[in-house]
Amino acid sequence: MKNLSKNYRLRRNIGFVIIAVILIWAIFTFLVYPNLSLLRITLFPDGTFDVAPVIQILSSDRVLTALKNSFILAVSLTITVNILGIFQIFVLDYYEIKGNKWLNIAYHSPLICNGMVLVTAYNFIFGSQGFLTANLMELFPNMDPYWFRGFGAVLIEMTFAGTSNHIMFVRDSLKNIDYQTIEAAENMGVKGRRILTKVVLPVLKPSIFAASILTFIVGVSAFATPQVLGGEEFETINPLVRSFSRTLTTRNYAAVLALLLGIITILVLVITNHIEKKGNYVSISKVKTPLKKTKIQNPVLRWIVTVAAHIIALIQTVPLLFVFIFSFMTAGDLYAGEMNIKNFTLNNYLMVINSTTGLRPVLTSMVYSGLSAVLVVGFMLVIARIITKYNNKLTGTLELFLQIPWFLPVTLIALGLIMTFDRPNILTFGLTLTGTVYIMLIGYIIIRLPYTLRMIKAAYAGIDNSLEEAAKNLGASTVKTYIKVIFPIIWPEVLSVFLLNFIQQLSEYNVSVFLFHPMFQPLGVMLNVATGADSTPESQMMSFVYSVIIMVVSIVIISFVYGRKSATLKKRQ
Amino acid sequence: MKGKKVFAVSLTTFLAATALFGCGNSGNTQTEQTELNMEEVLSKDPTGEKIVVATNNAANGRDVWLLENAQAAGFNIEIVQLGGGDVTARVISEVNNPTINVVWGPSEDQFTSMIDAGALVKFEPDWAEEVAGASEENGYSWPYEIQPKVLVCNPDVYTEETAPKRWSDLWEKEEFHGKYAVPTSFDGNTNRAVIGGILGRYLDENGDLGVSDEGWDAIQQYFDNGYKTPDGEDDFGNMASGKVPITFTFASGLKDKCESFDIDPLIIYTEEGEPTNTNQIGVVANSNQELVEESMRFANWLGSTDVIGAYAQENGNMVTNSAAEDSMVPIIREVKENYKPADVDWTYINSMMDEWVAKIQLEIY
Amino acid sequence: MIKFNNIEIRFGDFAAIRDLSLEVEEGEFFTFLGPSGCGKTTTLRALVGFITPARGTIEVNGEDITYKPIEKRGIGMVFQSYALFPTMTVEENITFGLKENKWEKRAIAEQLKKVTNMVNLTEEQLKKNVSALSGGQQQRVAIARALALNPKIIVLDEPLSNLDAKLRKSLRVELKKIQKSSNTTMIYVTHDQEEALTLSDRIAVFNNGCIEQVGTPREVYYSPQSEFVTNFIGDTNRLSEEIIQEINRQNPGADLNPKDHIYVRVENVKEASERTPGEKYYRIPAVFDMEEFYGITTRKTFLSGRSEIKSMSLKNDEKLERGVQMDLFVNPSDFIIFKER
């Protein structure tokens, strides 16, 4: 009898042990070991910890202000993105607003544009010599040409560019709300706005929570936007970290700053993890009624909401349109803030196409992004499953390790990889990875780990446990249960995560620049070479061309993936 | 409670792991350097083996020019465009397993760090004598271009009389306050050379990081009274429009920038001389000897009088190769005749530059 | 057929089930009845295999299945939440287990027809996605899915709790029919005594991780073995000390101990006209307070002194005025007495 029980457990555990060993190997080899080696070299150059950089950093007013600013930005951004994001998803799915189809497209648009290019576009519109500013100056000659600069500008740009998690994930949970709960509330005499705050929002809480954490991380690690729009008035920490991480002698500053930032971020995450564990619940509805759109009764309010919804749509799409227009302009016109249609030219496109790399980077980036997005989602499907099923100290530690890429500057992660695997290594079974086509793939996977883990974990959390029990009860093995029951349920979320990963990686630069194989140069590197410090205004124009290419690729992929996603969802209704 | 425990466990694991697996990378497995017979290597025809050329000189269609000419000469190259700093960092970090074969374009101090990391091989091109004296010889990398950083002014705003005469005029004379652009980033060679040109005048063994208090004060004043060109504006464009009428540029940028903004600026030749460095070419060490030799042939070809001359004519470079000087464009020839290199200790300056830049970023900027 | 031998189930430090033993016969409709948190669902889940007991064994047909994998136990289950697979159609849900167990195509088709007939699902509903069905229909799918594998045992965890009263009643009848026609042993978990009494061949009344009593519906109703069962099943009055003393005063020789817990079911509290001739009754003077009119019966609440006493009677043609004096009668043979401890 006891034998029987042991046998059964052993058989079940063998698969688990194999997976666990592989996971531990992979995480240690690619995530923990390279980063620790690099931190060790930078922070303990002669075997002892060098305190000088810590003292220097802590006595620099600029650094302390930048640190403070980063956190102010992260906190404010979390608030504003939530307000805007929730407004957007309600406009799309909860209220009846005219022009829904267009709004839906517009609200997805920030997804497709590279962050650096988007903020550059903002600058060429709202900046001191931007088109809008130039036109406004003609009307109001006394206005400050630097009106769109500093904290406000950064916050506005990042808010309008930062709602994709709401559009992609929080929106799904709004769609999943049981309309009967709203009807019930109405029936109990609860009025419009209180239904929102008392019935609808609490159900959205877990997904809003997840989106908030992601937004917070985006805010803390903001790079492009503060760099371009912050000006001297509003400097954040990450541009400094990045600049320090690029030269050998100052790498220790970057490491110290990153650790400082990391510790604070870990604290925030641990606290939020704690809160999250308390407040997760699954819908208890047996028979869900699909969400019906509500008409806003008050005509004035309805008008205000409609106008606001469309203004937001314009703010999100116009910069992209400008990127498109810029790609046809000459550098002289662009910097002069003059739009002469007569001067429009295809030269920038020709320059890209005729360059020695031509359009190869597009293919390279698509392959790397696609492959890494599939792999990282695949791994996290397994790991998130283990973490959700076995909630203990070991899995808690595992989860924290997987969040390392959120705490370290990606430059350091790339350097760690390149320097660890530049010679045969026992951990890689004697293979050298540096200089191969694989190392960038590994890098791409690593930097998307934390985000993917969090999103997929959230997807698993929404599944009723009894489904799994039912499948087992009907004779399905653990693997079969997963493939046939669990996976199909989270498929739409998996597609969304894949999509976001893919699009983000299309223009990845920080890791790519160190890891790419010379025969396969990715788009992000081409784009940044075009805008780098040594580049001329003409070559900067090429960055708009690359951005247009990225947008086109993204749109194609989004429509493809969304087509499949909505087909799946439709089937379920 | 749970969160705390998890945190504690991971922190302990993390620390333990740091202690155990710290010293991963030290030393390098540089390939044995056998003395090559340069003449023999360079006299051979290109084998057509694929070599990877990393360069910051390939923007604006120059890559096409390079590829076509290299192919015509029998070379099979892949051009990788990267900024000078990125190329350097990458070559150094890949020292044990390089992917790049020829580096073309970074400045001598960047080459110095590559040499120090053991990433390059010794070689001597045919044209070594023609470039002699352009920079200190190290046996590894060779200068093909001189890159003085010159102050330029808007000719409608300043005349030769009213324009600054010295770099220090910019911050010492109130009339120039707010009228000149200062560096806003610190990874480009030009910006670093400008900083080096200023701080290099105040070297002091007893000062902080080898610079006297006076020097730190000067650089502080330089930044405080200058215009930090925001993204979305172009310093050269601002100069051309008169908004910020003084800026600086690297010499080889003059031709393109003047064309872009359609201006013929007033070029200042300062009393103390221009911060000047050279851009160089070098061959990356590799265990594949044939690849190394082909790379040397390519580098030798690229720096040769005809090739670099044609390149300079097209792109407005100031060549080191004395035999190719006639190919330079007029504006560059003019600069070459008039400028004088600042007389400072660039070897020392370059060795300190990273730390200076860090200090500037932390305390001054 | 099913035997629980001294099982103990723990969740961390908390013992949800302490030393429980029970036997269920083949073909029985057996109900686990008890309030929420009493351990009835836990025991059920141990039988199906979702929980492994800390001690004791579970046998089915003489085979120890305590550690047998869930999928090999051959016990069908209907979940409280139905647990229908939301990404599949009705048909896919029902045939899921058949496909997993590698049934032949034709056999699957036949079985599908058989079970859908049994639970009254139409052909057209089969092609629909489960989320497109109403609650009652979803419940039918869940039952069909459990039936499909022809299990010898089907367990049902509060399967009707999410349905409205009328649907619940009709499905109850169907369920009983299905059980008899398919000749399966069913174990049914509920907190609803009416369901338990109407459906079951036998009932186990759970309380606080233990079984209080096992018996037929009539046994647990008429001969409750514990005070908990008495209270939990049926509608009872506990006679207050005040009433007992009043009875003792009026009927010398009755000799009831006012400290004892004396219960009498509401239907055994009679009005004068309802008495069976020749029987001995104790009179309890009371004042009418309120009534609940059910149609067939009326439940009335009276006050005797400060004590409440309720009756259930078929006599309901006229509504009493509040405050009307009325004598109530109880027959000592209807008393359920638990001695003072």
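Chains: A, B and C, in written order; residue numbering restarts at 1 for each.
The rule is short, and it goes like this: contacts are C-beta pairs under 8 Å (C-beta built on N, C-alpha and C of every residue); 3 or more make two chains touch, one makes a residue touch a chain.
Quantities reported herein were computed from a predicted structural model and do not represent experimental measurements.
**Student:** Based on mean C-alpha positions, which chain is nearest the centroid of every protein C-alpha shown?
**Tutor:** A
**Student:** Measuring centre to centre, with centres taken as mean CA positions, what chain is farthest from chain A?
**Tutor:** The chain farthest from chain A, judged by C-alpha centres, is C.
**Student:** Report, in whole Å, the distance between the mean C-alpha point of chain A and the mean C-alpha point of chain C.
**Tutor:** 53
**Student:** How big is the gap, in whole Å, between where the Cα atoms of chain A centre and where those of chain B centre?
**Tutor:** The computed centroid separation for chain A versus chain B comes out at 34 Å.
**Student:** Approximately how many whole Å separate the CA-defined centres of chain B and chain C?
**Tutor:** 86
**Student:** Which residues of chain B touch chain A once you look at their complex with the stated criterion?
**Tutor:** 2-7, 9-10, 13-14, 17-18, 21-26, 29, 52, 54, 56, 58-61, 63-64, 66-67, 78-86, 89-90, 92-100, 113, 185-191, 228, 230-234, 236-237, 241, 253, 256-257, 260-262, 354-355, 357-358, 361-363, 365
**Student:** Would you tell me which residues of chain A are touching chain B in their complex?
**Tutor:** Contacts found on chain A: 32-34, 36-37, 39-41, 44, 56-57, 60-63, 120, 123-124, 127-130, 146, 149, 227-229, 231-232, 240, 243-244, 246-250, 253, 266, 270-271, 273-274, 277, 331-332, 335-336, 351, 354-357, 393, 396-397, 399-401, 415, 418-420, 422-423, 432, 434-435, 513-514, 517-519, 521, 525-526, 528-530, 532-539.
**Student:** Taking the complex as given, what residues does chain C use to touch chain A?
**Tutor:** Going by the criterion above, the answer is residues 48-50, 52, 57, 64, 66-72, 75-77, 79-88, 96-97, 100-101, 129, 131-135, 138, 145, 149, 162.
**Student:** Per the contact definition, I'd like the list of chain A residues that touch chain C in the complex.
**Tutor:** 1, 4-5, 8-9, 12, 284, 286-288, 464, 466-467, 469-477, 480, 484-485, 488-489, 491, 568, 571-573
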